[in-house]
Amino acid sequence: MAEFLVVAAAFVLLTVGAGLVRILHGPAEADRMMAAQLLGSGGIAVLLLLAVAMERPAAVDVALVLALLAAFAAVAFVKGRSPSGAGDPEA
Amino acid sequence: MTATLYGLTGAALVGIGLYGLIVRRHALRRLLAFNLLGSGVFLLFGAVAERAGPGGDPVPHAMIITGIVVALAATALGVALVLHLARETGRAEPDPPEG
Amino acid sequence: MPPVAAPEAGFPWIVLAILLPLAGMVAALPLGRHARALALLLIPAGLVVALLLAAQVWREGEVTYALGGWTPPLGIALRADGFSAVMVVTTAVVLLGVALFAQSSFRAPPGEETRAALLFWALLLGLWGALNAAFLGNDLFNLYVALELLTLAAVPMASLEARAETLAAALRYLFFALAGSVLYLLGAVLLYGAYGTLDITLLAERAGPEPVTWAAAALMTAGLLAKTALFPLHLWLPPAHAGAPAAASAVLSALVVKASFFLVLRLWFDALPGVMTAAAGQLLAALGAGAILFGSVLALHQVRMKLLVAYSTVAQLGYLFLMVPLAGGGGAAQPWDAGAWSGGVLHAVSHAFAKAAMFLAAGLFLRAAGHDRIAELRGMGAALPMVTLAFGLAGLSLLGLPPSGGFIAKWLLLTTAMASGQWWWALVMFAGGLLAAGYVFRALTPLLARTETPVLPGRPVPRHQQWAVLGLALCSVALGVAPLMPFALLQVGRPEAAEEGIG
Amino acid sequence: MTALWLLDLCLVAVILAVALSAVAARDLFAATVFFVAYGLLIALAWVRLDAVDVALAEAAIGAGLTGVLLLGVTARVHMEARTPGPGRGMRLAIGAGCAAVSVALAAAVLSLPVPAPSLVPAVEAAIPATGLGNPVTAVLLAFRGYDTLLETLVLLLALLGVWSLAPDRLWGGRPGLRHRARPEGTLAWLGRLLPPIGLLVGVYVFWIGSDQPGGAFQAGTILAAVWLLAIMAGLSDAPPVRSLALRLVLVAGPVVFLGIGTAGLFVAGAFLGYPPAAAKTLIVTVEAALTLSIAATLALLVAGAPERAP
Amino acid sequence: MRLALDLFTILCVSAGGVFFLAATIGMLRFPDTLTRLHALTKADNLGLGLVVLGLLPRMEGVAEALKLVGIWLLALLAAATVAQLVARAALRETAGQPGGPPR
Amino acid sequence: MRGALLPLLVLATSLVPAVVIFFLSEHAWRTRTAINIAGAVGKLALVAYMLDSVAAGAEYELRFPLVPGLDFLLRVDALALLFVTLSAALWLLTTIYAIAYLGEGPHQSRFFGFFSLCVAATTGIALSGSLITFFIFYELLTLSTWPLVVHRGDGESFAAGRKYLAYTLGGSTSLLLGIVWLEGLVGPIEFTRHGTLAGLDSATLGICFLLLVGGLAVKAAIVPLHAWLPAAMVAPAPVSALLHAVAVVKAGAFGILRVVLDVFGIGLVQAEGLGVPLAAMASLTILYGSLRALAQDDIKRRLAFSTVSQVSYITLGVALAGPVAAVGGLVHLVHQGLMKITLFFCAGALAETLHIHKVGEMDGAGRRMPLTMLAFSIAALGMIGVPPVAGFVSKWYLGVGGLQAGQVWVIFVLAGSSLLNAAYFLPLVYRAWFVPPPGERAGGWTPLLAREGHWGLVLPPVATAAVALAAGLFAAVALSPLGWARLIVARDYGL
């Protein structure tokens, strides 16, 4: 079973990793940002799979932190793109 | 086995970071490169700790955490400096213009 | 292994020497506008602690202290030998002079807190604590943290005036310093991987001449050299040191670069005594020689006084590295090692005093004239005779001419160079001395020039600042008159590679 | 287990590719995003290296703070470098040099002795005296507490350094710009929802830290991140730098650490020593104060120098 | 029982993997920013959800399982808000460009 | 070895005034003068006290370890006392002269501070008991002289100052290299009789000798290392006196004496054949300096080249490596000082009072300033070697010494230089006394002294001229310079 989970983890990792090509190509900054976001979800999945496969329950906490902070980079990004750098991104 | 692989990765990252630090001119790029370099060192240290057996050696782990936080502090200072430099001069590189 | 608190004989001055400034830095933040008063209180107290520590080392020999009662390799030990004690005392004395100088320039209006007044004193205390931590640490990783502490205190000091060029200089300084500490850490990691400890004393027992150790030593040395600004890694130093406020420049140039130099010696002589090869020693010295010649020539070409002084630091740092092959790095112990060891360290100390005095003097000229273009400082000697005298005396020490600490240091290095048959380093020192004469007198000449009308300082220069400058310069001269006590203190716990005595 | 080996290979390959891209990418923003992605991948690597404590710290810093710090600044510093970098030949030479460093390091890694020397037995022997279950916390707070003390001071100094860049007339003011977001918007909603959860997670990570992976640094980082989120969502404002309360929070950790450390001088016979009976209580006290200070310091480090008059 | 649970895990995790693959393909192949965003936020959260679901039976206690679900919820929350915010940023950025919305 | 404090006290009599004066206000004229004179008188008194006991064979020594292998060593032997006595006496007179000369000029505290420091350094040079102590004071002298050379603060002074530094620091480097080399081989070198270097091979000895003497030759102004000296003439007259008679040039010559007599020892110098080349260089300098002096129109420059020439008599004396010649060299150390300082005092007074700078302007100076010119004439005749002035004694001993050493050519050098001396000094004396002053037909008889300048400018040259005369007349007395020089040589040769 553990073997399977690890293989699955490797698969997810490779998949989302391939998605990172988008960072290179863009063209919009939003595209680049999204690729990182995809890696975030993928990373959480990999961590969970690993936590079970390696029997390291503490790794779940790492996933928890990742999930909690998943939106941060994107928020900082959209904030930076607002006209003043600190204004309302939804304006 | 794992330890060696990550150790080698750390070694490679050190080279990559060093290259970026030397070749890049933009201060933010240099800060990124510095962080890559640093994390390569930490990874190497992690590999060293992993060799101690299952669970790893906690002493390097503690040192790595210290190192990561220190690197963050330095990066924050660097970013603040770049920000003010760019605001004052419109340039984001510390080297004097050539010629 | 429960806490093996083997309480050391006597009071732990060694802990207090680090704690006092750092606690001061922490307290400075909430104290706000009283930070200056706190610093002015702590610095004399710190000098007393430093002297007591030196006395302890003098009486009882090397002092070690296992923090928290956890002995190495698990815990961290502090260690003070003669070398550390000398450096700790030097630091305290220089800081006392600088504080005396700065107490009026970094002073907030009553009842108010200003940026520079708070931050200067807080950073100064932090810097001081970092220096003492670096001089007294006996664990390579802990020394890494101390180095970072030093960097993060020093870089803001260099850009305290927050002008465009100081920002760029500080950023460049930061990059060099960070790259340096990362390389240093990398070496430490390899050592841990190979020997399972980073305690210097234990490493000395375990480390042998193997490829891993060489790689580690090379990386750590390269990192430390970048922080010491040894040629050709000196590029960051002149703009950073010249752009800072005078008091900050003095501390940066006199002390901060010495900390990483100190660690180079710790590494080669204490941690890895059996590892260094003769070729490595010669290479370090060759870089030192390059620094002496290159730095001096550049100093000769500077138009601004502060840059001239900064380039002279680049040059003077070179001498420090000449001591490595002379003091027995990379070879069996020789009868002259002690002389070279003491010569190098005395040079570091006397340069600290002299350079602090020079930067402070340059700051006063800048203040009085409103600029520091050397050619236009004509007649300043008559306006500020005491400062000019101090500048001259400090220059004397840089030239290595008697009677000054610089002379004794150079004499020891020269005689050991000849005695060990490495006469080529002696030639470099001679050439360096002549070049130094060139730039020191180039700076002095306009000061002494007579002008049609007496020059009056644009802004008054307080008496106490002049005394501070003169005091530091006199310290550097006094070291040439009475070096015996520091010399003897230096022999306490001197590393084996440099054992035996001359004469 | 060969599957793990496969996973390691994949992870290492992706890490190296991302690192290379972060250095090589032409676009500054792309490089920054690569770096954010890199931080996340490295957190995975730490789990693989059995260093969950480190993974937690890396995740919190990499995903939370570095992202905010760097992505925020790329928007404000968008100019490209004007000085041309080294020419092609020079770049090749530098690249070769760096590769040589890597190869030498790799050789050094391969030549490390077997069995690996380690301090595991020493830690196992000493940890009962601390009453802790997490050896990393024991190292950080007890065996090498001095390092940790200095490290908190590094943070404080870095903050002073950042503040030192403020213009004199704005001294004492609030860091960064005032953030705004429409009250009914998505951002404000997130800003209201996440901080309580983040607080909970932070306290949890701090609390389990004495026995399981976690601790003051990780918790402090998480708390700093959620505070920053609240600031970015316009729900709270960064406190003015002159505020005494803020300053007391900033120094609380170091002060408590120094205080208990000094007390150790008299009670346990050594500076930073703990009497075994009270060790755990004291350590947790220190950790609590540290968490608070670290959170405040990190958040303000990212927030930057004062930009608004007090 | 144990076999059934294993089978459940394998099924869910595999499906999750497929969704991640889909998300990536969408990310790489879709023509413009907004459609890519579309593909991404839906697919990867579904993928993560399936992985979480597959792992739930392997948790040691209820608390652990709840933590797992919590993680998924947090990720969902993040994805939802990020999609909103990034979409707006993308709109602003690409406005007026060929292939983008009118300014 | 008694009275270890005595050498220190002698040093302090000028060192302490130097330090105190630096911190005096520019206007504290009286205090400054009092301190200066008190220091000078005090030093003379101490020296006089020591003369007697040293003559009786006593030596004073002060040893103070700086670092292992580097002792600070002061020792008063006969040779030291010869030089100290000269510089102490001349310092007192120069101080009096300088106070009068500078009047109300600016930067006086700086001037007198460095002036005293120079004398302190010279005293230290004289009293040094080891090579390294000698070097310390030698460098102190270099550095404390520079501010005096550039005292006027104009472009010309700084050019001269630069030249001075370039030469002297180059010389010091060579000197230090030689010291370091030798001490690296044999350990600390003290000035004990008959040298300590016997064990070394010829090549090393030769190179070290070259380095040491070459370094010292800069200050001793031996050709071709002399160019700084004429350039330094831009300095005020008291500084010239200091450079030429009291301190700098003398320090170089004295150093050569020490190296030949007490480091290598005359025996070794002779055995290694090091003396003859040195003597040749000295002779060359004597002739070259005289020739150049002949060509100078400016009085001070003429005197400067004359110094170049005259100082090398000292070197010539010891280089010939015979006892009689050595006596000649040693005694000339004193005699040249006395005569040359007289000449400079007079030249300064002429320039100050009558604004005479060129040879052509000397007409009738003797009538306008008879006392000054009388002193000038005595000194000039002494320089030429006319008996009974002191210069004759030196030349006599040198000539006899040359013959005794088998170097007959020395006679020709001496004769030639004397002729040249006469050629460039006699016209000055002639014009002063026998050519009427230009445009002074009218004007009645004024009292003798009223025609002179400030008394402080007159007394010193008259005094030194008188002493120079006396040194020649009473050369046979035991405590005369000649007597003392013979004592030194007798002790050195163990006679």
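Here the chain labels run A, B, C, D, E and F in written order, and each chain numbers its own residues starting at 1.
To be clear about the criterion, a contact is a pair of C-beta atoms (placed from the backbone, for glycine too) under 8 Å apart; a residue touches a chain by one contact, two chains touch by 3 or more.
Just so it is clear, the model here is predicted, and its values are computed rather than measured.
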Shortest path length from subunit C to subunit D (each step joins two touching chains): 1
Pair of chains whose C-beta contact count is the highest in the structure: B-D
Taking each chain's C-alpha mean as its centre, the one farthest from subunit F: E
Separation of mean Cα positions, subunit E and subunit A [Å, integer]: 10
Mean-CA-position distance for subunit C and subunit B (Å): 27
Chain centre separation (subunit B, subunit F; CA means) in Å: 67
Mean-CA-position distance for subunit C and subunit A (Å): 47
Multi-chain contact residues (two or more partners), subunit D: 4, 48, 50, 73-74, 76, 105, 108-109, 112, 116, 118-119, 123, 143-144, 147, 151, 154, 157-158, 161, 165, 186-187, 190, 194, 197
For subunit A, residues that touch 2 or more chains besides their own: 4, 29, 33, 35, 40, 64, 68, 70-71, 75, 77-78, 81, 89-90
Sequence positions of subunit B contacting 2 or more other chains: 14, 18, 44, 48, 51, 59, 63, 66, 70, 73-74, 77, 81-82, 84, 91, 95
Pairwise chain contacts, counting only pairs that touch as defined: A-D, A-E, B-C, B-D, C-D, C-F, D-E
Subunit D contact footprint on subunit A (complex, rising order): 2-4, 6-7, 9-10, 13-14, 17, 20, 23-24, 26, 29, 32-33, 35-36, 39-40, 43, 46-47, 50-51, 53-54, 56, 58-59, 61-62, 64-66, 68-73, 75-81, 84-91
Subunit E partner contacts - residues on subunit A that touch it in the complex: 1, 4-5, 8, 11-12, 15-16, 18-19, 21-22, 28-31, 33-35, 37-38, 40-42, 44-45, 48-49, 52, 57, 60, 63-64, 67-68, 70-71, 74-75, 77-78, 81, 89-90
Contact footprint of subunit C on subunit F as seen in their complex: 22, 65-70, 106-107, 109-110, 132, 135-137, 139-140, 142-143, 146-147, 150, 152-154, 158, 161-162, 165, 169-170, 172-173, 176-177, 180-181, 183-185, 187-188
Contact set on subunit B toward subunit D in their complex: 1-20, 22-26, 28-29, 31-33, 35-36, 39, 42-44, 46-59, 61-66, 68-70, 72-77, 79-84, 86, 90-93, 95, 97-98
Of all residues in subunit C, those that touch subunit F in their complex: 338-339, 342, 382, 385, 389, 396, 401-403, 407-408, 411-412, 414-415, 417-419, 423, 426, 430, 433-434, 437, 441, 445, 448-451, 480-484, 487, 501-503
